[in-house]
Amino acid sequence: MKLFEFEAKEILKKHGVKVPRSVLLEKGEKNPLEKIKAAGLEPPIVVKSQVLVAGRGKAGGIKIAKTWEEAEKLIAELFEKPIKGLKPRYLLIEEAIPHEKELYASIIIDRSERKPVILASQFGGMDIEQIAKEKPESIVRMYVDPFLGLKAYQARKIGKMIGLKGKILNSFASFLIGLYDVFMEYDADLAESNPLAVTEDGVIPLDARLIIDDNSIYKHPDISERNLEDTGEYTEWEIKARKMGLAFVELDGDIGIIGNGAGLTMTTMDLVYLYGGKPANFLDIGGGASKELVKTAVKFLIDLPRTKKIFMNIFGGITRCDEVARGIVAALEELGGSPKPLVIRLSGTNEEEGRKILQENGIDAYTDPIEAVQKVVSL
Amino acid sequence: MAIIVDENTKLIVQGITGKEGRFHTKLMLDYGTKIVAGVTPGKGGTDVFGIPVYDSVEEAKNAHPEANTSIIFVPARFAADAVYEAIDAGIKTIVVITEHIPVHDAMKFVNYGKSKGVTIIGPNCPGVITPGKAKVGIMPGHIFTPGHVGIVSRSGTLTYEIAYAMTKAGIGQSTAVGIGGDPVIGTSFIEALQMFEEDPETEAIVMVGEIGGDMEERAAKMIEEGKITKPAVAFIAGRTAPPGKRMGHAGAIIMMGTGTAEGKIKALESVGVKVAKTPMEIPDLLKQVLKK
Amino acid sequence: MKLFEFEAKEILKKHGVKVPRSVLLEKGEKNPLEKIKAAGLEPPIVVKSQVLVAGRGKAGGIKIAKTWEEAEKLIAELFEKPIKGLKPRYLLIEEAIPHEKELYASIIIDRSERKPVILASQFGGMDIEQIAKEKPESIVRMYVDPFLGLKAYQARKIGKMIGLKGKILNSFASFLIGLYDVFMEYDADLAESNPLAVTEDGVIPLDARLIIDDNSIYKHPDISERNLEDTGEYTEWEIKARKMGLAFVELDGDIGIIGNGAGLTMTTMDLVYLYGGKPANFLDIGGGASKELVKTAVKFLIDLPRTKKIFMNIFGGITRCDEVARGIVAALEELGGSPKPLVIRLSGTNEEEGRKILQENGIDAYTDPIEAVQKVVSL
Amino acid sequence: MAIIVDENTKLIVQGITGKEGRFHTKLMLDYGTKIVAGVTPGKGGTDVFGIPVYDSVEEAKNAHPEANTSIIFVPARFAADAVYEAIDAGIKTIVVITEHIPVHDAMKFVNYGKSKGVTIIGPNCPGVITPGKAKVGIMPGHIFTPGHVGIVSRSGTLTYEIAYAMTKAGIGQSTAVGIGGDPVIGTSFIEALQMFEEDPETEAIVMVGEIGGDMEERAAKMIEEGKITKPAVAFIAGRTAPPGKRMGHAGAIIMMGTGTAEGKIKALESVGVKVAKTPMEIPDLLKQVLKK
């Protein structure tokens, strides 16, 4: 789960990391300037749209106000300005930080080493993909033992490797330890600061990102759940699907896909593409799906406007083909028949029983996935 | 021989009294797996399908010193503790079926297991089957058949599809390992490959990969370096998956332009591994490489 | 540093440990009963004197009030009642917890294993020394790897070893993990609950003790410094000494002792005793003491009412004998000569120079500590 | 031979540019200790008494691969980090002079050091001296003289007193180890005893104990079990110390009735160790046991 910049910075601050002085404005705030003055801030100030999409700055979501008049105007403007389709509920108002240089620092878990890895570069400000492309040799990596934690000497070593020294180096090391503590304490998938500004006094994060592992949210009651609508990660139909408990990703084709198991479902998409069709989505009903879940999934894909036809590829392992068949029948009964062609491949556990249930309801099913995919593409 | 599990496997089922644990205990018993004990804290003294249940792995291990393997069906919040418990009780092979375990938890117990010389499979995996000898997992046993081809896979159902196609084509499996779909897992693609390389009963290897991470690319590198000499074929799922979206598995995501199916296929083909376009092609490709 | 019961319980609560509902009264509280009612408590309630001495209960510092009248009377009474010489500044008012059984649980660092060790017994309520004496076989010990932490299965094992099961066992395991988290997070020398009550719903700490390593206080800004007067650990003169930066312990004899280094100072006490004297104190000026520190120490012991004579035993290693001599001379100059006999042994680094400085001021010094101690005892 | 430090000791001084570090670097150099490098983060490139200073132990070790020992004068808040740095840089003997290090910090780095096979002396200790060969510590060198009696001590100044008395009586020392006065230390009494037992140059051992803990009692047990066969004599400080009060050292406290001087003396005497009533008796006791 992505945190808003102001949430990430609040957490960093609690862990002893110095962040810019700021005040948060919520939409509808009556006297924003009063609130900013009360917080001891005055122009130049930075007005930052709190949206969860990348590339906020380039999209015009971050502006500097040099005067109170400008501030008032920008605040009104940014509250109304959609950034990649999302309007902010909050604006973060920060002191402007004069700085000489911008660094990059982040922490993720390295899959191969199974350890946290710290990534840093002396070229901050651009995104890591861009740095990796333009200045790959500038990216410094260091693995950390998850039981021992990040030691100060290691943090200093990273700082030295990206060219820092003296007071700035020590400040960077302290920052990194704070970032690491937050990364570990919050089960983060990503803790990042970019840009991390170098000022006369030390480093200070101009931006901060924190993505929490969805599976660990229960451990962190201080983190409030995101509205799916606010994340900018999901389409309208993906949000609907998540609320219904479906593992669904929307694609740009027109053949609706249902599979059981992520690998098989992806493979089903690939097969459709291979045989000349375009998948409309990924929808995995998982292992051991119930009749109810199958019914929900089938109805959902029939409702999905972009599907012209639907391909269901089931290999029964834990999933029982008879249960799947019952779900399909129930869906079609409720809808009074499918308004969109439905091609089904059914194989594996209780295959015969499933096939029988379908036949009794006038529905055919393939055994061979290749035949089935050729059929659905040809429709 | 085979790898990870075989006729010498003496299994403890952790979380045996839960719905999933109970269900799969039955299926594993039916398959012929030697289950010696179950563990559920607070349920010690009861039994499940005749298998005695203990309060802790230590107690189970004391009563059944021959126990050498554990399978974990414990819910995600308690699964990490169950893994530590098994490691500390001296269990040397642990299969973690549980999904939705926080990645940091998995990272820690995987590191701890490595430091103690323990083989961990998973989490979020279908388990391991050595056909005709032992099934330590949730895969349907009947689609597998004994033979000499090892399968290492990041995906459950897709493995079943491929194994079934192989079985129908008369190609049996030495062992099939579902390594799991999470970002951090106990036994990686290349570690499983290494085990197959060292297993005298395995003559060829099927690699079932998917988008995300760089395990397949590392496998290609191992083959290039001559560390894997047995013939290998592959299938990679997710050619049509868009970047930045998790495709069901937590680990199946193309990030920062890395982890694409194209990249993986290219890496494998460049070292001479035949990559199937559909799962159904795998038996044919295997026949080609086994003929040589 | 010892924490008050209410502080320890507050910290436990923050770490997810269930503690009795309570309200804290400070001396001078105008409407104690109102405050208690506002907190949702009603009799029977427990009134607990917040003093940092052991054996509070036996000394009459914990009382149960069955009615509001009784509560009012007890509150007034306990605020005025000194417990082992200390009057409380706070009273903790808690709900009375009906319980069937009392357990003991604590965590300390084991010096030999260099690991945290958990101690538990099914016989709570009496102190650990008493349990160790009367029911030694009841005490269960478990070492914990400080990098891995206490695992739930280990906590359950301890609970089972002290005879718990079912819901109570799980509750005890959760409690122990909370206690361990607090122990580690707060660099504790001791985290203890005694008694830990067993109720129908699970375990709940009736008392809680937390002692924080003095050297780690800087890491824990949320912990407020103790007034030395409130700790009950120090005599009036020990408090004076600590405020002056002296490592001083008061004893019950009459020969003042100054040494450099803890081992040598203790040995000096032992020598005095061995030769028939009684040491009045332990005062270690440490390694490399300055003239100023020596002066302060000498004047302090001359002021200390219980000293009749003073023995100073210095073996110069890092400490320079000349510096010590200058300190002695300075002290005596300020005092216009010593009103109490002062016997000095001076040996080691810059011995000659030190001896010369003393002689110039008419002060003798021994080289041999045995001769010196015989002299001071004979005076 | 001797133990811990000797003529092969190549020393790094961590915290060399601080007041204490600088002062004792001079004294150690004067004594003849081979100091190859100093470390103070941010002061790399400077020097102290001709010793080059580096920003990190790793850099010092790269420039002076022969470095095998480190002494730490870093302030308490940064000392634990300095220990980890030395361990991770491959230093195998670390002497921690710093006092007031939080006990939990010491507990952790001591455990880590053990897992890496590193000998840690201290914290809060005077260090180690092998007379005539190397002084890695803050003890006054001139009161020691080469010989064949090992000293293991929990107390600094008291050690000097005893060593000086021995030197005056013509009894030299193989090595004197001040193990430190904190509750958790890297090398315990019995571990130091074991080293002396295995050291061919050591013929007898002086144990200087004090109240608190049970290290002396454990030493007695080792002697009883025949693990220490060399003649040993002892002095225990704190016969007159009251219970429950810390006597200067953080570790010197009688708690729950354990750790009294009487108990320690009794334990040692019961296994035949002569315990001196005053430090000055040590040379005589040594002459008695060495005569046998």
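Every chain is named by a letter (A, B, C and D) in the order it is written, and numbering of its residues begins at 1.
By our rule, contacts are C-beta pairs under 8 Å (C-beta built on N, C-alpha and C of every residue); 3 or more make two chains touch, one makes a residue touch a chain.
None of the values given here were measured: they were computed from a predicted structure.
Asks: Can you list every chain that touches chain A and also touches chain D?
Replies: C
Asks: State the chain with the largest centre-to-centre distance from chain B, centres being mean CA positions.
Replies: Relative to chain B, the chain with the farthest C-alpha centre is C.
Asks: Nearest whole angstrom, what separates the Cα centre of chain A from the Cα centre of chain B?
Replies: Centre separation, chain A to chain B: 27 Å.
Asks: How many angstrom between the C-alpha centroids of chain D and chain B?
Replies: From the centre of chain B to the centre of chain D is 51 Å.
Asks: If you average the CA atoms of chain B and of chain C, how far apart do the two points sit, in angstrom?
Replies: 55
Asks: Going by the contact rule already set, what residues in chain A reach two or more other chains?
Replies: As it turns out, chain A has residues touching two or more other chains at 147-148.
Asks: For chain B, write out the residues touching at least two other chains, lowest number first.
Replies: 112
Asks: Quick one: do these chains touch in a line, a ring, a star, all-to-all (complete), or other?
Replies: other
Asks: Pairs of chains that touch, anyone?
Replies: Result for touching pairs of chains: A-B, A-C, A-D, B-C, C-D.
Asks: Mind pulling up the chain B residues that touch chain C in the complex?
Replies: Checking each residue of chain B against chain C gives 41-42, 55-58, 78, 81-82, 84-85, 88, 112.
Asks: Mind listing the chain D positions that touch chain C in their complex?
Replies: These residues of chain D touch chain C: 76-77, 100-105, 107-108, 110-112, 114, 126, 138-140, 143, 153-161, 164, 181, 183-184, 188, 208, 210-211, 213-215, 218, 235, 237-242, 245-252, 256-257, 261, 277-280.
Asks: For the complex, which residues does chain A have touching chain C?
Replies: 147-148
Asks: Could you list, by residue number, the parts of chain A that touch chain D in their complex?
Replies: Listed in rising order, the residues of chain A that touch chain D are 148, 151-153, 156-157, 160, 165-166, 169-170.
Asks: In the complex formed with chain B, which residues of chain A make contact?
Replies: 109, 111-112, 114-116, 128-129, 132, 145-147, 184, 187, 189, 213, 215-216, 218-219, 247, 249, 251, 259-267, 269-274, 279, 282, 284, 286-287, 315-319, 347-349, 368-370
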